[in-house]
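Chain naming follows the written order as A, B, C and D, and within any one chain the residues start at number 1.
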Amino acid sequence: MNKHKIINDPIYGFISIKTSLIFDIIEHPYFQRLRYIKQLGMTHLVYPGALHTRFHHALGAMHLMQLAIEHLKNKGHDITLAETEAACIAILLHDIGHGPFSHALEHTIVQGISHEQIGKLLIAKINNQFDGKLSLAMQIFNNTYEKKFLYQLIAGQLDLDRLDYLNRDSFFSGVTEGMVSSDRIIKLLNIKNGHLVVEEKGIYSIEKFLIARRLMYWQVYLHKTVIAAEQMLVKILERARTIGQSGGDLFATPALKHFLYQTITNHDFYQHHLHLTYFVQLDDTDIMASIKAWCTHPDFILSTLCKNLTQRKLYKVEITNTPADTHRIIALKHDISQQFNLSQADTSYFVFTDTINNIAYNTATGNINILMKNANLQDITLASDNSFLQALAQLVTKNIFCYTKI
Amino acid sequence: MNKHKIINDPIYGFISIKTSLIFDIIEHPYFQRLRYIKQLGMTHLVYPGALHTRFHHALGAMHLMQLAIEHLKNKGHDITLAETEAACIAILLHDIGHGPFSHALEHTIVQGISHEQIGKLLIAKINNQFDGKLSLAMQIFNNTYEKKFLYQLIAGQLDLDRLDYLNRDSFFSGVTEGMVSSDRIIKLLNIKNGHLVVEEKGIYSIEKFLIARRLMYWQVYLHKTVIAAEQMLVKILERARTIGQSGGDLFATPALKHFLYQTITNHDFYQHHLHLTYFVQLDDTDIMASIKAWCTHPDFILSTLCKNLTQRKLYKVEITNTPADTHRIIALKHDISQQFNLSQADTSYFVFTDTINNIAYNTATGNINILMKNANLQDITLASDNSFLQALAQLVTKNIFCYTKI
Amino acid sequence: MNKHKIINDPIYGFISIKTSLIFDIIEHPYFQRLRYIKQLGMTHLVYPGALHTRFHHALGAMHLMQLAIEHLKNKGHDITLAETEAACIAILLHDIGHGPFSHALEHTIVQGISHEQIGKLLIAKINNQFDGKLSLAMQIFNNTYEKKFLYQLIAGQLDLDRLDYLNRDSFFSGVTEGMVSSDRIIKLLNIKNGHLVVEEKGIYSIEKFLIARRLMYWQVYLHKTVIAAEQMLVKILERARTIGQSGGDLFATPALKHFLYQTITNHDFYQHHLHLTYFVQLDDTDIMASIKAWCTHPDFILSTLCKNLTQRKLYKVEITNTPADTHRIIALKHDISQQFNLSQADTSYFVFTDTINNIAYNTATGNINILMKNANLQDITLASDNSFLQALAQLVTKNIFCYTKI
Amino acid sequence: MNKHKIINDPIYGFISIKTSLIFDIIEHPYFQRLRYIKQLGMTHLVYPGALHTRFHHALGAMHLMQLAIEHLKNKGHDITLAETEAACIAILLHDIGHGPFSHALEHTIVQGISHEQIGKLLIAKINNQFDGKLSLAMQIFNNTYEKKFLYQLIAGQLDLDRLDYLNRDSFFSGVTEGMVSSDRIIKLLNIKNGHLVVEEKGIYSIEKFLIARRLMYWQVYLHKTVIAAEQMLVKILERARTIGQSGGDLFATPALKHFLYQTITNHDFYQHHLHLTYFVQLDDTDIMASIKAWCTHPDFILSTLCKNLTQRKLYKVEITNTPADTHRIIALKHDISQQFNLSQADTSYFVFTDTINNIAYNTATGNINILMKNANLQDITLASDNSFLQALAQLVTKNIFCYTKI
């Protein structure tokens, strides 16, 4: 069987699978499962094209990795074929631990364990099945490999993950303003002292990349209606678990049932293989198919929330610089409690507040270093001829206030 | 509430909703349900970007309708605001009767009734709920309205449905060769004696449109792996119904269960409202969530097919001009029967043949008429300076032979 | 003759000419002349695709004007057909006074008069020929018309001129990072108290627009090699004029000869129609054809510069934050003077310094006002949730140092 | 000096110059001259964006050559670095012999010699200057090299020249329907018995390519207004030569003058180096600058034609299947002769006929061979499942009738 396949991608044209090992990893059920987990959860309610999956994103990021390594090699840096394959595998698997609706449901369906931990468990299992052939990829992924730039290509302030997701989310949502020139940025990457750097003439492209990222946060990832729909998903799953934990009757797919009726600790996950077995059977369809069934559930809260989601009667969301007025919250909760005949505690399914954050350039988790023409390194905020990037490195926090219109 | 919304579309930029009635129809649960029915079923197994939905396609077709009507009005044709709104509604609802996985499962889940019939039932119900405001749209849709060109914009050899789906399927799959210049074609439409025609200088664009359509059939819609996956879906649902009809135990979402355990005739559909109520609860997620659960079903055939689909071990498909060799079919069926310990009849779940068709320009269902500079009308095949279009109007039939590798 | 034409544009698809008057103005020789004046002068030496003309840009800006007015009307603002036509004409003619190589040669070929003054002279002449039909356009153009927003659409910090040139320069040069979402920005324009404003949800798009503009300046308009080529053009024309003024013999097209051999004051231009008559015969081809002929001119300086330009042996350009070292300049001039046997004064044809400026958002010439949800207006720098725009409103000045390598 | 440059291209993103020799050839004045020869002559009068040059096209074709060779090498074919460089040089120089306005003026300015012959002369001269380093490139170019597929990549029914010009002409004109999927077609190329072939699954892409080419002929290359403008150029140069030959006074650039005042035979060109020296100084600007000056020439015919061209009063062109009616031609000539007071012979500057041809797939000059899955070769017209390509291989001839409206 010919394992050197070419996959059509509307963004990059064609994505090549270059080794048999990579082909087999892509064919692995753990990876195929990502076909059914949307990259942007419920964002398609606002941007109907945003249905692309973590599967497609992972392939795209691998494609950019191939390009980046090719360019770095052309610049005279030594990167072996084994390292290239390992770096491709590492970025291919960087999101393998994500569950349905990713971030939105990360601590709702499975509480005790993060998607990063699940990811490492799954990669370890694949590695076992492939007789240790993923060991180098795991080293890179865990940042224990000596060539640090390989890790930085996967997880940094300017990694290929971000380049792909900005392009991909922008392309499929139709918010073309989020597009970044991945081709140009990759051509301007270089290595200095083993670390990833950007050549000086790339400064303006990086500025543009940071602004594009800022824009995508406010316009897509933190769009009011997206927040409304994802909060609704969270509340629905919380309610379903409450019912499940108290022994109530609930339709659900077998895999989802496993997580609704039990509380599984971090420890359990590492001890009992069964939990992971169920986890890898979960995807977006389990959630959506179950929610549709719950529209007629006898529990008022559950059925109301489910009907509201499927009929697109979403929370009203207000995003403000200062927290919502406490009196207004109390008044609204009072009205809801009266109208729906609910306890004070249960009103929080319909009225609640939270905060959201956006930071275009987060120096806490790494730097974007510019390789100046004089061979020195400078942080991008200092290398630019304009100080505006320093402002962009500030965290912006906003308050959200969500409530059901009655 | 402001009902004049703008929706981002990665193909056309922005789609406008221009009247409150259209807004309310889009918000209707029957229409929102199309958000969860993919336009191209399992095609995403080959082209991972092809996840776009009938919801998005319907909006896109409506957008093209707005453009087409605007251009026809600019050319001096009289089209009222009421007609414009009705034509938009008619094209918006042209696929409302589709079930999950559309064509692939059309006669598998629901046997006695076509998606066109279901569509008309649903439109009638919406019309009732909106106090008859859809009556004009229904007239256009049923081709009983006097201005025939409005119907031809919805259903013809060169309708806006086709223009949108070619563009959309091409865009999301990344098979850019299927792209057609909808903008240019629309600018070249005109009306003659109440019928839709294309101006003479549009001949080359139409030629290109027909070739693009031919290419999309062979490269996407009838791609080997797409056929393999959709045939697998069909066989799975057939098997599940067989089990359901014989009283076997089957996990399924409530809506899907309704159709697996009963045989509902065309007559039943018209008599009992309940069937339609369940039908509109069905979408792609019911099928996929159930198939995942069936991977562990005790029935060997069902669980094998389901595992094969989810693990992407699809049928091997051969597409040939002459039918597959009978001896080879018999031999393969024999092997399968031995290997899997199956009755001869049941081998047809794993080995079978069928035919597929492609006709770029089907004169049986209407013409593309060219308005020559001398004001005469000519069929496109005669208006072109080259006879190649006559060849394109021929039906091409091929044989497919599908089997499970053992 | 049908004057309602459609013109193909690779950026917007199609540009419509909507009135006979506009058609006739486009056909006017003064406007047709812009077909031979490149928008970006010698930039094509760096970006070979950047050959687009002021003709095409003017059409593109008119197209955006049509879109903008249509959207403003949809938002309930009253704009008459006459105003629409006038605004289209005004923006169509906004660059009509440009000579060959526009800014690069503005004060070299014709010294006493700016392109704005020439533009007004030409518009007045066209207006005469069209019996005053351009009067309203002239009022808008001169900002004497009461609806100020019409002027602001033509000349402001966020006008349609800029939207088109950023998109167009970006498209043809292939520096895709300069692309702005003109479609989205136009949809977010509004009018408040007669002035153009941007709706609050457009803040991120404006941020992106300002960054794109900043990037285009450094990456294209002020690219080292572009500066080198345009400075070479300037020095060549200066030298040719010096020769011409002193009665030397020079091949040149008749129109160019007129300007090389005379010194025409501002006053002369207004007094003698002849100068304008020659001016409108000038375009890029006069300059390039003459420069090729001058490669064999007996004057050493002229022929050397011309050969250097046509053979792409351009100045070496250094762009720095601090001025070039004086000793280095003196030393270089000394070497050149020795090598080429030149007077000290004449070395300035081969060694010289200058400064360049870039300001992404120039509040000195107008504001971008944001219409907040609470109906207040705020300058974009204050309306944004991040202070980085204030930094972008600072002027960045750099020094350039140009010299011929010997 | 770093000679490994990257050039922005709006179509392919970036074009790389991979060897010093290629860099030096691009910098050579013979090649730089192509910067001033438009690929599509006067087509910009219809499609204002179509200003791209033979320089840019040659770079684009070289880029496709790099891609094609890389893919063929990935398929296991042995192609050395020297062959790769030579093939790149050969395609880079394939149009080096073109004069201003290419085909339109090929036998008008220089009569005795074709652009292919001039090209070979120029390549030989460059080869001399580079000490014979172009010898392998010349062998490939002349089809005397053993690996025939390298020649076929440059000149065949499906060569990289065509792929680039279809894409480029389509891109810059905005006639997007001419776009071909060069990326996909290149991926489907292969070599069989030393000859270039297309793999079977590429059949539909080739069909699309042929239709796109057909469309570009009728919609762009043979567009009525393009024919009108180019015929006008031809007639202007014919008239200017007539005047020059008879010793009349004519403004012209030195290089153009050389060709207007003499009749240079093929033999002369090979004997006297001077003719070539002047030839390489000619480009589009010589023609346009001279034509502008001729608008005031005392010869009525010359000045009339020149004014008509610059003011866009082009011939009226009729394209018909049957020749224009002889009586009508005679009548028109009569009217012109009366109106303009011209001899019968001279009316042919204002009224004339000709024929134009279009053949999408010309089997006379080579085949497109399909490599079937069974390893046999078949011509594309037989390999397709539809016979329409046989019709496309027919020559289509039309008549043109051009006249000046009086």
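In the analysis below, a residue touches a chain if its C-beta (ideal position, glycine included) is under 8 Å from a C-beta of that chain, and two chains touch if they have at least 3 such contacts.
Everything quoted here is computed from the prediction, not taken from an experiment.
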item	value
Result of counting contacting C-beta pairs for B-C and A-C, higher pair	A-C
Chain whose average C-alpha position is farthest from subunit A's own	D
Whole-Å gap between the CA centroids of subunit B and subunit C	50
Approximate Å spacing (C-alpha centroids) for the pair subunit A, subunit B	32
Cα-centroid distance, subunit A relative to subunit C, in whole angstrom	44
Two or more partner chains touched - positions in subunit A	13, 176, 184
Contact graph of the chains (line, ring, star, complete, other)	complete
Sites on subunit D touched by subunit A in the complex	6, 13-14, 183-184, 187
For the subunit D and subunit C complex, residues of the former touching the latter	7-11, 13, 27, 29, 32, 35-36, 44-49, 51-53, 55-56, 59, 171-176, 251, 253-255, 281, 283-286, 288-290, 292-293, 296, 310-312
Contact footprint of subunit A on subunit C as seen in their complex	176-177, 179, 181, 184, 204-205, 207-208, 211-212, 214-215, 218-219, 321, 385-392, 394, 396, 398
